[in-house]
Amino acid sequence: MGACITSTPLTITAYHEALQRAVPKAGAIVTFTGQVRDYNQQGPISGIHLEHYPGMTENALTKLVTQAIARFSLLDAHVVHRIGDINNYAPIVWVGTAASHRKAAFDGACYVMDLLKQSVPLWKKEYQGEQGVWVQTKASDDHAAMAWLKESPKGEEK
Amino acid sequence: MINIKTFAQVREVTQEAGFSLPLEKANSTVADVKVTLRMRAPCWGEALDDGVLCAVNQVLCDDSHPVAEGDEVAFFPPVTGG
Amino acid sequence: MGACITSTPLTITAYHEALQRAVPKAGAIVTFTGQVRDYNQQGPISGIHLEHYPGMTENALTKLVTQAIARFSLLDAHVVHRIGDINNYAPIVWVGTAASHRKAAFDGACYVMDLLKQSVPLWKKEYQGEQGVWVQTKASDDHAAMAWLKESPKGEEK
Amino acid sequence: MINIKTFAQVREVTQEAGFSLPLEKANSTVADVKVTLRMRAPCWGEALDDGVLCAVNQVLCDDSHPVAEGDEVAFFPPVTGG
């Protein structure tokens, strides 16, 4: 199991090989790579900046991966998230899941990404030239989604 | 003293990323801390508007959550990562 | 777009990198790797043999990938399937999908694997020592699943 | 002549992976080819039992599908790949 934050470019191939080495007997491995798109709803963008909450971000990612492993009986799951300035088309996030069967591996990876988007303390600013604009979300949706984070990371898992 | 931290828009609006704040009374809550911060400067009123989240010692909390001496209390907008 | 059959070990990393190079602007890339498990419902196995229908297998895979791209508006999708004798823990099949958003990439990869299992002419024999046993499926389920293959690969896509 | 192909259990039961077969009449169908094959040897009766699939020129077909001179007609069990 692994959850990691980095300000340097993601090395997708290395993560994939590490996961495979960690659980060589897995029947199914699913990976997700999220990359910076060159547009948003307002038009073209020239890159993003991702701010994080040092400590809490790592804890939230670790908790998320631990929950995914328990919930879907995964053999293993890793997540790596980049922070700081990131150019268009560069990978932002990588998730890898390993399971005995493919449904669990797919469901686990989807779950990690869904919750990550809603509940890990990361904030995205999109740039159009020099002008950076924070990405907005509906607070109401987000409050509900963040509810699971209210459990202590060191507490009992449900 | 408690340690206040801010992120993203909250940090930019208040222009204060982190600082120490005396706890004004025993049995303080997040709501009490917010009252103190709103009096600190007008920008804090704006920064603590609806939708801002609070984490005490890196665990997300409601306004009723207790805040004790030495706690890390962070304010930030809804998350938009990934 | 690519669909390929090989009797040599899969080179997952190379496929992943090729997909990324093919659609560098994709917002989301999902990969699935299926590997030989060392057991079946009867007990431990020592490896498998996969037989295919030369020509029809390639056509079926190509059609499947083409349909997945159309159905989920994928930017690209690749599938590579190994045949012949395959040892425990070795990769059998790799699927990679690229899309603007993650849901399409996940759904596309799931779809390719679901239909592949049911509708591409591949037959698996599992070995316990020297003794090989064909894997069975319920003919009734399979007839329904294979229905889509009755459309000509060169015909109009629905 | 048409080209018969077999795969997996069908190939093992018949011990014939591929061979040419004369078309016995005009307007033949997959069903007609099956009748001819069943008369070829007892093992073909076993091989063509319920559940066996047929592809004509690599497209999956029902028993009513026409079979013409030069066609490739394949018989195989339900698939189990992936």
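A, B, C and D label the chains in the order they appear, each numbered from 1.
As a working rule, a residue touches a chain if its C-beta (ideal position, glycine included) is under 8 Å from a C-beta of that chain, and two chains touch if they have at least 3 such contacts.
Keep in mind it's a predicted model, so treat the numbers as computed, not measured.
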{"item": "Distance between chain centroids, defined by C-alpha means - subunit A, subunit B (Å)", "value": "25"}
{"item": "Centre-to-centre distance between subunit C and subunit B (centres being mean Cα positions), rounded to whole Å", "value": "51"}
{"item": "Chain centre separation in whole Å, for subunit D relative to subunit B (CA means)", "value": "75"}
{"item": "Junction residues of subunit C - those touching two or more other chains", "value": "34, 113"}
{"item": "Chain contact graph, described as a line, ring, star, complete graph or other shape", "value": "line"}
{"item": "Touch relationships between chains, expressed as pairs", "value": "A-B, A-C, C-D"}
{"item": "Contact footprint of subunit A on subunit C as seen in their complex", "value": "12-13, 16-17, 20, 24-38, 88-89, 100, 102, 105-106, 109-110, 113"}
{"item": "Complex contact set, residues of subunit D against subunit C", "value": "5, 7-9, 11, 50-51, 53, 55, 58-62, 74, 76-82"}
{"item": "Residue ranges of subunit C in contact with subunit D within the complex", "value": "34, 50-53, 55-56, 59, 81, 92-93, 113, 116-125, 134-139, 141-143, 146, 149-153"}
